[in-house]
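See the structures that follow.
Both complexes below contain chain A, partnered by chain B and then by chain C.
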Partner chain A sequence: MNAVEFIIAGMLAAATPFLLAALGELVAERAGVLNLGVEGLMALGAVIAFIIVYQGGGHLLGFLAAGLASAALSLVFAVIALGFRANQVAVGLAIGILGQGLSALFGKSYESLTVKGLPKLSLPGLSDIPVIGGLFAQDVVVWLSLAATVAIWAMFAYTKTGLVVRAVGENPKAARALGYPVIAVRFAAVAFGGALAGFAGAYASVVYTPLWADGMIAGRGWIAIALVVFGTWLASRIFLGACLFGAVSLASLAAQATGLDVSSQLLSSLPYLVTVIVLGIISSNRRLLKLNGVASLGEPFER
Partner chain B sequence: MSALSAPLLPVLVRREHASLPVKLIAPPVALALATLLNLGLYLLMGRDPVAVFHAMLLEPFLSWASFSEVLLKTAPLLLIAQGLAIGFRAKVFNIGAEGQFILGAIFASAIPIWFPEATGQWIWPSMLVIGALGGALWASLTAFWRVKLNANEILVSLMLALVAAQLLNYLLLGPWKDPNGFNFPQSVMFQSDAMVPILIPGTRVNVSLLVACALSLAAWIFMQRSFAGFKLQVGGLAPRAAGYAGFNEGRAIWLSLLIGGFAAGLAGAAEVAGPLGQLQRSISTGYGYAAIIVAYLGGLHPVGIAFSALLMAALYIGGDNAMVSANLPVAAVRVFQGSLLLAYLVAIAFVRYRLEWRHAAHGSTS
Partner chain C sequence: MLTNLTRRTLMKGAAASGLVAAAGGRALAADEPLGIVLVVPSPVGDVGWGRALADGLEPVKAAYGDKVKVTIIENIQEGPDADRIMNKVVADGNKFLIAGSFGYQNGALQIARRNPDVTVLHASGFQVAPNFSPFAAQYFQGTYLMGMAAAALSKTGKLGSVSAFAIPELITSINAFTLGAQAVKPDVEVSVVWVNSWFDPAKEQEAAKALLAQKCDVIFSNAQDTPSVVSACEEAGVPAFNLNSSMKKYAPETYLGCVATDWSPFFKASVDAHLAGKFKGANAFLGVGDKVVEVVDWNPGIPAETMNRIKEVEAKIAGGSFSPFAGPVAKADGSEGVPAGKTMTDAEIVAMDWHVKGVTTPLPK
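Right after this comes the complex of A and B.
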């Protein structure tokens, strides 16, 4: 397998933690809530899933528990940021620190242990195509994440639920006047985002690299938040952005494997540098951000 | 609120005036709340909560030896938090102080690493200055991205902090690795003139604590007495009003980030030129992130920050104590830090709001 085939085959799996977390953050931000705790939510989901899978509970239970745990922690965010109307930036940072701390605490006795990942499910016929065939042999979570992307895109494009969430984020006062429960919608959006961040963390720790190491999320939660900006709050573009980051992280691995003479630290910081550069390019287009951005993002709602 | 909450739940009602008493008691209340929650957690983990409480929150203050270590840790937290608070008040969220701290340490280390034979009392002061400039330089990348490219400073500063950690690794595994260091990722030990002089004999407390106190005073004067500080605060509280008054938003962002980077860089320089005496991987144990909590817990006020820096430093030392005496994982400190900030954010809500129990008859119409 050459480097190109390696990247094509692995891109979607590498993209999945970014994709799931960014889709969750998308829903929360569309409802007008900026939750910066994604890194901590992912870390918590990752450790919970790992412990359950390691103890023999299986992947399904691991994912469910991770989603529940991260949703619960994101509800703490919601109670403080929405209920008590605290500064969303500060609450998000605190949740991030708390989640990372809890993950290190719970994972202490599991350091460097490994579990078994998930088998690849191939699409018959398609996965035999040369060069790009690897694209069609993915594990079940990748397939489900693609389905989730389409579902969230369709929700915002075609359903009333999507419209209500967007109305609550664009103009909460008007949404309230129309009789929609602004705070309840925001709570639900945050909890949904938390659950997806938990799944994202679980995928990272029990499928993509099925081993436990403290700090293994390594900034992916933050990149997911940046991806929402890259994707200008659209599920389709977020998917493309996640693929880009999947490819970038795999390119670093491929470069190291082929013995390319680039320092491994430079390769490790590549995703962060790409984030900074792309963020600069997209954000400098102020019209694009204004057009697609969420008007009341980060502002507390008070009647 | 009431659409979600059942009629029996209390609602937050805005006060006519912000409550100063609540503002003053919010930090101690938050500390008590976080302590209770965490002791409960330790109990669940099968540790003796009384022993942990003693080791973590009392012992740091009980002996001069450990209190001097608290003072040693206070200096960097105090420096970084004072710088960050100025930006936070202007609503410029520099959360990458960790990276600016690392760059400060790297810049400062360049002098003793490149000139190991140099002597003279000029070395350590120049290290502090160059470190501070290094931190400001790293922060200026974020400022440029925010002002010129309209990019979110939270994400950019954080990404650059992660890059800074990799840069440090690169230097310590490559060009700056001590050739006689048994392959450990650390630089050579610095010469004695590269060390900040000890302030209190018999301890490791050095002059950087004085520097931090002096800069705290400067921060107080800047924010409470200067026009530039006033402009920053107006920009944070009422961006539109600041715009109408002709206060330049770009300048406020540059100033906030440069001050934050300068202070964090200085702290990083003082760390390698102080207790460590060399550049190593573990130069920062999350000071840059902990300082965010210090800044908020201190009410973003220079005087409050002095107290919260001391508290956070005690938590670090206490966490180490509890690790040894009560077998508590060191990650417990991070859990404590996170829950402390959350408890504070809840407590501080009551400065502007009060709780009111409304009955269904009143609440349903509003």
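Right after this comes the complex of A and C.
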């Protein structure tokens, strides 16, 4: 396996925590809610999944519980930010910090323990192709995340549910006038986003790096939020962005392992640099931003 | 000026304070226990740096019982937050502070200067004050031995290291590892991945896999507090070793061993000296001879012949008759690092900013 094969084979798995969390944030933002608590929601999901898997509950139960726990915490956010119409930025930050605190508390006696990850499922035939074969041998969560990306893309592109969510985010007053329950839709979107953030955290702690360590999310929730903007609120671009970020992260490590004479500090900042540059290019196109941006993002809705 | 706090002076200090206490010359502050606070940058888990420091305080607790009160504050980021917390614990009346990370240096030194009655021990720094001792382990003595074992087990002749930050302490560990490996197989090469983070398990594991993809078949987990690297290597069937505390339970099959640190002799002696009012700030650079650094949990698969050589070298290091950095040592760019017949001094070792020949990854500048 050389460096290129290493990047190709690892890219999707590296992207999965970002992808899942960003897709969840996408749905919430499409409904007009800016939830900055993703980092904490991921941390909570990570610790809950880890505890369940460590106690022998299995990965499926671990993921479900992680999704439920993070959805529940995101509903706390929804009650304060949507119910009481508090500032979404402030509440999101507070919930994020709360989630990290809770994860540290629950995980205290599990610090630096390990569990078994999940086996890789290969697509027969495809995974034997030289160089790019590794791309087709991934664990089940990666495959499901890809399916979720397609499903969320299709939901916004083709279904009435998708249109209702978008309408609530674009012009809640108009959506209300048409008889749609704006607050209920936003609650559902936030809970969905929370569940996906929980899955993302679970993936990090029981599949990708199957161990628990306080602080192991290490800023990935923030990258996920950035990816939503970077992807101009489109599932397809978020997917590309997550893969780009994952691939560049792996490439920066592989470059060092091969002895390439580039400063490691530069390489470590490369994923962020690349993301910022692409973000800059995209947000320079006003028309595109206006086309996909969410008009009422972050604004409280009063009937 | 660098003064070495050797084991002998430590023991002297301990004996002296024992005598003083026995003579009743100076009563321990009988009513108020001595408040000892340890501040560490990462969570204290079952293993790792924070655990090694916390364990080092156990004998102090055992020896003094309720005459000392030990508090451990974990997961404190280097920077203003750490300064604030250290100031607070000192303001609360704690008189013995252990600042468990290089980045705490400036804040901890200020506290020491402002509070002459407080004793501060600071991990891996270089500043010294009358009541401020930097302490560091001579990990490189242990990693040299690990290098010998790694070279004996490697089939590809390529070894790898996942490393946190390019600071001298980590650089010397990698260099000694490389020199030890070359002592067994002269053409061994070492690749390094700097993750530029003290704590990011996912990135550490990715880095380990990047090294495995480059056919490195023994991995050195350099300053990782979680078993991220060690467990990834176990999964891949590749031997790995780490520093500070043993991670054998995470890699029962392939674990190569642990360059462990036992800080208790140093902590105990420092607390003794503080209570006796005789604490003197000095640079404590402690190694195999001081019983602070010790290689444990050797992999039973290491060939007996190699193991015998390792034990011989270990005894020489402990006795002071051998240093991994005895010349001639060539730098990675081919120039002369240490001339033949010379040995690097401690001062040179703690400031080492170049890789030896055989390390293929260029050092970040």
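Quick notes
Basically, the second predicted complex is superposed on the first by the 278 of 303 C-alpha atoms of A that agree within 3 Å, B and C clash if a C-alpha of one lies under 4 Å from a C-alpha of the other, contacts with A are read in each partner's own complex, and residues count from 1 in each chain.
Keep in mind that, in the parts below, contacts are C-beta pairs under 8 Å (C-beta built on N, C-alpha and C of every residue); 3 or more make two chains touch, one makes a residue touch a chain.
No experiment lies behind these values; they were computed from the predicted model shown.
In the superposed pair of complexes, A:268 makes contact with chain B and with chain C alike. Legend: residue contacts after superposition of the two complexes on their common chain; A:75 is shown touching neither chain B nor chain C.
Judged by the touch definition given at the top, the superposed model places A:289 against chain B, while chain C stays out of reach. Once the two complexes are laid over each other on the shared chain, residue contacts for A:226 go to chain B alone; chain C is not touched.
After overlaying the two complexes on the shared chain, residue contacts for A:135 are found with neither chain B nor chain C.
Of the two partner chains, chain C is the only one touched by A:5; chain B is not. In the superposed model, more residues of chain A are touched by B than by the other of chain B and chain C.
When the shared chain is aligned, chain B and chain C each come close enough to touch A:104.
Across the two superposed structures, the residue set of chain A contacted by chain B and also by chain C is 104, 214, 218, 263, 265, 268.
Across the complex, chain B is touched by residues 36, 40, 76, 80, 83-87, 89-91, 93-102, 104-105, 108, 176, 181-184, 187, 214, 218-219, 222-223, 225-226, 229, 263, 265-266, 268-269, 272-273, 275-276, 279-281, 283-284, 286, 289, 302-303 of chain A. Contact residues on chain B toward chain A in their complex (touch as defined above): 1, 3-4, 12, 14, 45, 93, 95, 145, 148-152, 154-156, 158-160, 162-163, 166-167, 169-170, 173-174, 289, 292-293, 296, 329, 331-339, 341-342, 345-346, 348-349, 353, 366.
Taken together, the chain C residues at the contact with chain A in this complex read 42-48, 75, 160, 166, 191-197, 199-203, 205-207, 209-214, 216, 225-228, 231, 235, 250, 360-362, 364-365. Listing the residues of chain A that touch chain C in their complex gives 1-3, 5-6, 10, 14, 17, 104, 111-114, 117, 204, 208-211, 213-216, 218, 220, 249-250, 253-254, 256-259, 261, 263-265, 268.
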